[in-house]
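Heads up, the next two complexes both have chain A, just with different partners, chain B and then chain C.
The block that comes next holds the complex of A and B.
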């Protein structure tokens, strides 16, 4: 079984502070990590590999620095890695990114399973997986938590409007893994060294994928940022427990938390 | 002023052609139980406002829904409602649903198609956007119209909602967006609004390739504390294991997890994994309810990025209160009991 896992490298959101009052975004610590949902996706692929044997190919689209993300995937247990990186791809929008990834996955054919993370923790994007399924003509199972293989059919536990449900699909298929799926393993130290010393990350350019500049023209523009109002802290109320519980519930309703 | 600019203002031929090609705002709705979901109603209200700004119609789309749901869509602002029917549309399967909607979009040529950011919208919107090579804005917190460019302005959350970005796609049509349920205000229904409900039947839709096997009964691995949206934290102030149990029940009702302070760990109420603070986990939940937590700096560092912090403590001078969105001076155990009781009485 060949599994292609699409991963994205992002700036660690933990290292970014948003000052709502001054409407500024500060990057305190510029650390690049694998997008959390994509890391869960790698784990899901590696669990399938452990249980049934599979070839796991990690695929990423990004700056040359994304090489580190792919080495991490190799250290975790991926068999090979491909980085699509090209100056022509800078500043691309979500539709283009999905198109480029689909083109690369087609080039990696034959494959049995394409895995992608459900959401990106930085941009909040939640569309690459669905777009890939459409562009590759595959059936899709989104928001997956657990994957298992049962006689050639993939059994998936997925979330549907927040509740876990079961789904089954025959291969080839695309599965998007939820960031709530089991967290990823730590790679063995020796494998980390191996990933840098012995394993290769192939680099593909826009030309390798036959992409034309017209296809890569971005069509989505930003019109600036909006900052939610600053939190007003320090409101303290006092009273009998029943009334206090009412206060708490009304705040939760106002903030749409229940 | 140069002539080109004037001509472009008067509307070049291209622009006129583009406008006749795509118009109207479509809302892909969802039905639950007796009628439209609240999010669908709110979405119709927003679509109505935007359609008024553009001078176009609002059209609703429902899959295998009763006529009454169509009339409800009209009362909330739709002018026409398409009830899509046919073999394959009885229950959700992405291939027939997407195919039916794609054909309808090809015929109707809407300029904007809106979905709720529910599982249904999350499945359909990316597939359709890819099919039409169109832009899609996901989990929008608000929508607007740039009237000069006649394009959708989508406010999307960044960094998990720390701030928002306004995005626009000036040239591509149709434009797709999914809107986070619960962020738009509920509109008023006008039962006397006029509109038409049309049944559209498809007879050659592709079969769904994913089999839906019903609810999953087995236990799920708990998501790690660091990714939980809701956390109820106990400190020494909950007094005993009974108080901890109340907190655990509250966490379960809110779809969250139980956590604790160093004090709670020392008492043996929580495990090492549930410890929040400098020595334990760093968390960034949407809601953090601290029960009987004093707010030592070691603890506060672990919850600095909480969106909404509620603190319950008997001591009005507790260090946690200045950081709390709402501080409650009361006995944590008693308030937890009342909260559980009140949540039991209100239907989910």
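The block that comes next holds the complex of A and C.
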């Protein structure tokens, strides 16, 4: 079984403070980490590897510094690592990033499973997994908590409306793992040493992936950042459905919304 | 000059820091009260290679050298001195003696399970009448055919109650004294005649067991001679030299934790209508602590680099231990002062840290002995031989 895990390196959000009054974001501590959901994703892949045997390939699209994220993936137990890094890829929007990742995953074929983190903790982005599935023509399961192999099918426990439910999907497939999935293992110290001293991270450029400048032209133009207005706290309505419906109806009527 | 940590060590530090925060720190109070580091914690640490950081991977170690080991001791020293002491006595001196002077067979047989944390090591030098004066030991090893018969008792042995394998120093020829008359042995504690005596009721590091080890006519095969016959004193002194660097690193962790807690508390505590961090008296304490900690950090990591690059480091290792233990004691004492009456209460960590810190000025060679080591190394360069 070959599993491709897409991971993203982000600035640790714990080192960042948002000053709403001055409308500025301050970076107090510049520490780069693997996006938390992606770390859970690696763990999910490694659990499949432990249980059934698998080849886990970590893939990242980012700056040269993302090499560290891939070394960490190798230390955790990934078998190989690929970094897509190129100056031509700077400032990409989400659709382009997904397209580049999809191209790299196609180059890693054959594969049985593509895993990606559900959400990015820095931008709050939530698109990559869905876009990848579409581009690769794979069935997708989102918000996964646990994965297991049952014959040729993948059994997935996923979040549905905040509750875990079972789903099954035939392979090859794409699964997006929730940041609420089981936390990642600690990498073994000796593997940390070897990940830097002995193991390799392959680097692919835009040219290696046959990407043309037209393909890399972003559809979205960034014109700076604006702080959204502060929102009032919402009202939570609880109780049996019929009672909740009644309460919501009266709240809406009270505010003359209906 | 490049002071940046190699990338693998940055990741190693992050892994150990996460482990220390999540797996060790929440237990630190319980470890102190129940006077035991849970075996489960040691097992988890061992699974990540933390019981054999400086040893080569071929012997089950992490292969991270003295630098990696100092990182481990600093990070664990920040959260629980008892746990740091258990790992320190095991790795830094107990197993270290076998790593430094063991034969390939001894390393395969003993160092490998120790580095993997499957067995626990201790280092047995001190006796009732021999501590600083290490050459005054009375434990005897008498040749009997191909074996030696070991008799005597060792005192204040860290990890004594839990050790499986102990590096023991014994007199093999009383007429020769420390140069030629003392030999080191590897002893398995489940051998007939080995037993654990009185367990000490200590001021601090209460989670780390310290006890007497009794050897009553224990039959030790000659294959278990550690290093050269008659050169046990050299083996032990060499081992203690290395151990002092990582002890300094553990002290660095303790001092750093004291500083961080002091800052936190000084920001939170309000008196006379403002946070006490705005008082110059508190600022001076924090500035002094931070300065000494930074000096200690430079000393410890430079000495670790000297160890890893094969340079003579005896003097600097003694400085790590001497300065480290004093900086830790001073910083933690200041932290208690900043906390005020609360700092004297068992409800806060600085109280435990205060009790835990004191031993570092005493064990692994008292600070007075460290000064002798430093002075004699300096004087040797000046052509002066000094004897204690």
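By our rule, the second predicted complex is superposed on the first by the 225 of 258 C-alpha atoms of A that agree within 3 Å, B and C clash if a C-alpha of one lies under 4 Å from a C-alpha of the other, contacts with A are read in each partner's own complex, and residues count from 1 in each chain.
Quick note on the criterion: contacts are C-beta pairs under 8 Å (C-beta built on N, C-alpha and C of every residue); 3 or more make two chains touch, one makes a residue touch a chain.
Not measured: the values here are computed from a predicted model.
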Which holds for A:189: it touches chain B only (first), chain C only (second), both, or neither?
second
First (chain B), second (chain C), both or neither: which does A:20 touch?
first
So in the superposed three-chain picture, is A:71 touching just chain B, just chain C, both, or none of them (first/second/both/neither)?
second
A:246 contacts which: chain B (first), chain C (second), both, neither?
first
Between chain B and chain C, whom does A:213 touch in the aligned arrangement: first, second, both, or neither?
neither
Just to be sure I read the superposition right, which of the two partners does A:110 touch: chain B = first, chain C = second, or both, or neither?
neither
Let me test your reading of the model: by the given contact rule, A:137 touches which partner, first (chain B), second (chain C), both or neither?
neither
For A:229, is the partner it touches chain B (first), chain C (second), both, or none of the two (neither)?
neither
Looking only at chain A, is it chain B or chain C that touches more of its residues?
B
Chain C-contacting residues of chain A that also contact chain B
none
In the complex, the residues of chain C that touch chain A are 6-8, 10-12, 15-16, 18-19, 47-50, 53, 57, 61-64, 68
Going by the contact rule set out above, which residues of chain A touch chain B in the complex?
13-14, 16, 18, 20, 25, 36, 93-95, 98, 121-135, 139-143, 145-146, 157, 159-170, 173, 179-180, 182-183, 219-228, 231-242, 244-249, 251-252, 255-258
Quick one: which bits of chain A touch chain C in the complex? Just the residue numbers, please.
68, 71-72, 75, 186-190, 192-197
Across the complex, what residues on chain B touch chain A?
94-95, 98, 117-119, 122-123, 125-131, 133-136, 138-139, 146, 153, 155-172, 178, 182-183, 208-216, 218, 220-221, 223-224, 227, 230, 254-255, 282, 286-287, 289, 308-310, 312, 316, 321-331, 334-335, 337-339, 341-343
